[in-house]
């Protein structure tokens, strides 16, 4: 079986609006103050919750709590991961701050797991440069609360949260054969053994029959524009200056069209039924990608009659 | 309520890594073939389809859409999808049959857990304001729960190792299991910690997989199965999201779901416990004394994300259909530290 | 009609806008939920189960956000189900919530759908470059614009139809206090003068990007009270995104769903038996396309209904009196908003955009590449 895989990175800095409760909590952290909220059953929640877990009622009764507390439970992290509070081994702990009735999850900085125990006393180690996020608590460390210099500023209303996740994306074996064909400048589709339709790119399963497409069918690099739009709008990551045409191209012998660019003529000249041929990039630039075809351009043949492609709209 | 039974079940082999895509098609095509083939059904016989999967497992938005290619979903199908373990898709399908609108439903789930770094991906389930930004991983969160129970004397590391030993031994008779074999608790306890107090054997493996279950109503079920696994109750509940506000050594949602489902006594239970201490917790909460637990080996021997819960329902149903049990409990979980739990009770009728 | 009777007894929506920076995700949901509970005159102990719908998790960067929202959704200790069927999800959420009552499992169910697009950028989440897949460089509307062109070719519709829909929906939106875009002075001419983005789709013919949420309370016959919106039919249909010979203008999944819907509701002449329709129209031309797909008109004739002004409030079939998706588009919530607006019409609670004497209304949603369909019919008339 041919297999192909490549990294897929999902990375984004999310911009989160906090609302009144979380905003006040984050503002407090920025000012080196920890505030909880009293629930309908009298429990003080730290971090504060916006709605009572039992009654679902909106909560508004604020309570300031201490910056030291007791470890309720913990787990050791021998190999810290990206984004975690410490870069050397540490413990995660649920810590109940003095004055709170619920525990907050954070890191405790100790040299090894032998220094951790449930019931131990820990205090906040504040970040040097607080910004209004949970990271304003750099971590916890063994000990009792100490006086801190409060800071002050504008209320915190937003927090930016970077997310970085790495994946390995794999192609199906059918897709891999097609991609390897593209590397050689060939357009390899496959025929579904049940409905006999030719798919390009081929599919792990024929979408109407649920069986893998099998027989390979090499297709020519020319076809018909079934339908299209003229892109007039600039957007992020765009590679050509508008206006240009994104069209569905039905290769001769294929039973399904794919989207590609139509260049080599004025955008206003492109029409449904126009015959086009592939404009390949220079061979030395070829990769396992349909982008080896830079675009399609008019072939000069007469337009295809509407009936020949009307079933592909 | 209408009588509804599990009449079919198939699962892909539980493996550490498949070569296929994250849309599940390669795993699902043979699973559909097997489950429909065994029942003598065609896809057109299925009146309702419901699936469970996760975009974050796949690493891209709308990842479940391409999975319907595995069905061959034309003519169009009556279909729905939950962003949760497919056990919840099974619940939705059971509800659909209860409306009287359909009699036959196929439920499936899939996930290629190996595509990303699973314990980091699962961090994305945590509160995105005060917890997630610290990036605590799913194994560490389970570790916090395990230690809480150890400290309170609710379970011991020895008992946790015993769970792993029993599971791997039982998995020897499960051809789909990923981990299996004879181990001693003594040897396992001599291994280093992965996330103190959890050792490797305490944690379910990372597994790619897929599964499907067929549900049928009354007469249709009797036609399709010699001994249908009749669902006598199915219910689910969720607990608070606030990890530090919950007693992590209990599971009120499991207890509540079991009560709603009418739990009394069963011969066998398939529990969705991705960590050894979670099996001990669930057994205590459900009062499963003397009940056979996880004859399949459970998720400690193969944990395909987003179908592992559905597989518990399938495995428990198989115990009934094969005549090895008269009453069975299947449990599925979702969310950090057993936040969301489903209980499905089934019985055989002679 | 399937199973037990079920009815909408209350609805609630946020004030939709581009960026709701004054609330968290929980706060956004609760604005809609609290309004729905008040409208239904019920309190938290009355709610048996919660169903949450939302489009891709990557929009907000939270995996299965219903889990962290459980407390805010009032779901602790209750069943909480998460539905995700692409852009149709809001509609599917309504249908699944209805089935929880129609099955006899629950008496009162809360359905919630939301999208907080300002947490990220939907275009980013949808266009993360996937290895081995060539980006087409067509942008957001580039997927749908060619199909609109196909529709125009097949139906011979005149070019101004799209602008008529856009002007009507935005004017309707100005009557809706929750709408994101309110443009009372928009005209067909001003729409036609707006920038052509993806020819044949102009700027004013595209939906906005919104933060918003919608909630509804569905109850059984005993709990329904006086004058609810009875749910007389629901339908879901799916087909693959692409396949050989797929009709992308008039997808069979939509036709099949509609046929099932009319059958269940006992409707044989939709155009005359339906008093108002909330149809998922993110680009103006989808109004005539879906009118045909739903069977309100013959194939190729949908645009004539629009051109005749019959889809305006006061017309034969008012379409999107709320202003529709063209006026507010919190993606995951947009479908449930359609369903809620249909219910508001038959309950007589639509305020300034009320269609007079609306007794039967359609809620419609679609998603993916026009491949997921969810619909329901609500009626002021209690099914016998």
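Which chain is which? They are A, B and C, in the order written, and residues in each are numbered from 1.
As a working rule, contacts are C-beta pairs under 8 Å (C-beta built on N, C-alpha and C of every residue); 3 or more make two chains touch, one makes a residue touch a chain.
Computed from a predicted model, the values in this text were never measured in an experiment.
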item: Distance-maximising chain from chain C - centres being C-alpha averages; value: B
item: Chain nearest the overall Cα centroid; value: A
item: Computed distance of Cα centres, chain B from chain A, in Å; value: 26
item: Chain B and chain C, separation of their C-alpha mean positions in angstrom; value: 33
item: Chain A, residues touching no fewer than two other chains; value: 5, 8, 10, 14, 16, 18, 22, 49, 53, 161, 163, 169, 171, 175, 206-208
item: For chain B, residues that touch 2 or more chains besides their own; value: 56, 60, 68-69, 73-74, 121, 124, 128-129, 132, 240, 242
item: Junction residues of chain C, two or more chains touched; value: 24, 58, 60-61, 71, 76, 125, 128, 130, 240-241, 243, 246
item: Residues on chain C engaged by chain A in the complex (per definition of touch); value: 19-24, 26-27, 30, 44, 58, 60-61, 71-74, 76, 118-121, 123-125, 127-128, 130-132, 134-142, 145-150, 153-154, 195-201, 240-249
item: Residue ranges of chain B touching chain A (in the complex, touch as defined); value: 19-23, 25-26, 29, 32, 43, 56, 58-60, 68-74, 114-117, 120-121, 124, 128-137, 140-148, 151, 193-198, 240, 242-245, 248
item: Contact set on chain A toward chain B in their complex; value: 1, 3, 5, 8, 10, 14, 16, 18, 22, 25-26, 43, 45, 47, 49, 53, 72-78, 81-85, 92-96, 102-107, 113, 118, 133-135, 159, 161, 163, 165-173, 175, 203-212
item: Touching residues on chain A, where the partner in the complex is chain C; value: 4-8, 10, 12, 14-22, 49-58, 157-158, 161, 163, 169, 171, 175, 179, 195, 197-199, 206-208, 226-233, 235-240, 243-244, 246-248, 255-256, 259-261, 267, 272, 288-291, 306, 310-313
item: Chain C partner contacts - residues on chain B that touch it in the complex; value: 1, 49, 54-56, 60-62, 64-66, 68-69, 73-84, 88, 91-92, 95-96, 98-101, 121-122, 124-129, 132, 235-242, 252-253, 256, 334-336, 339-340
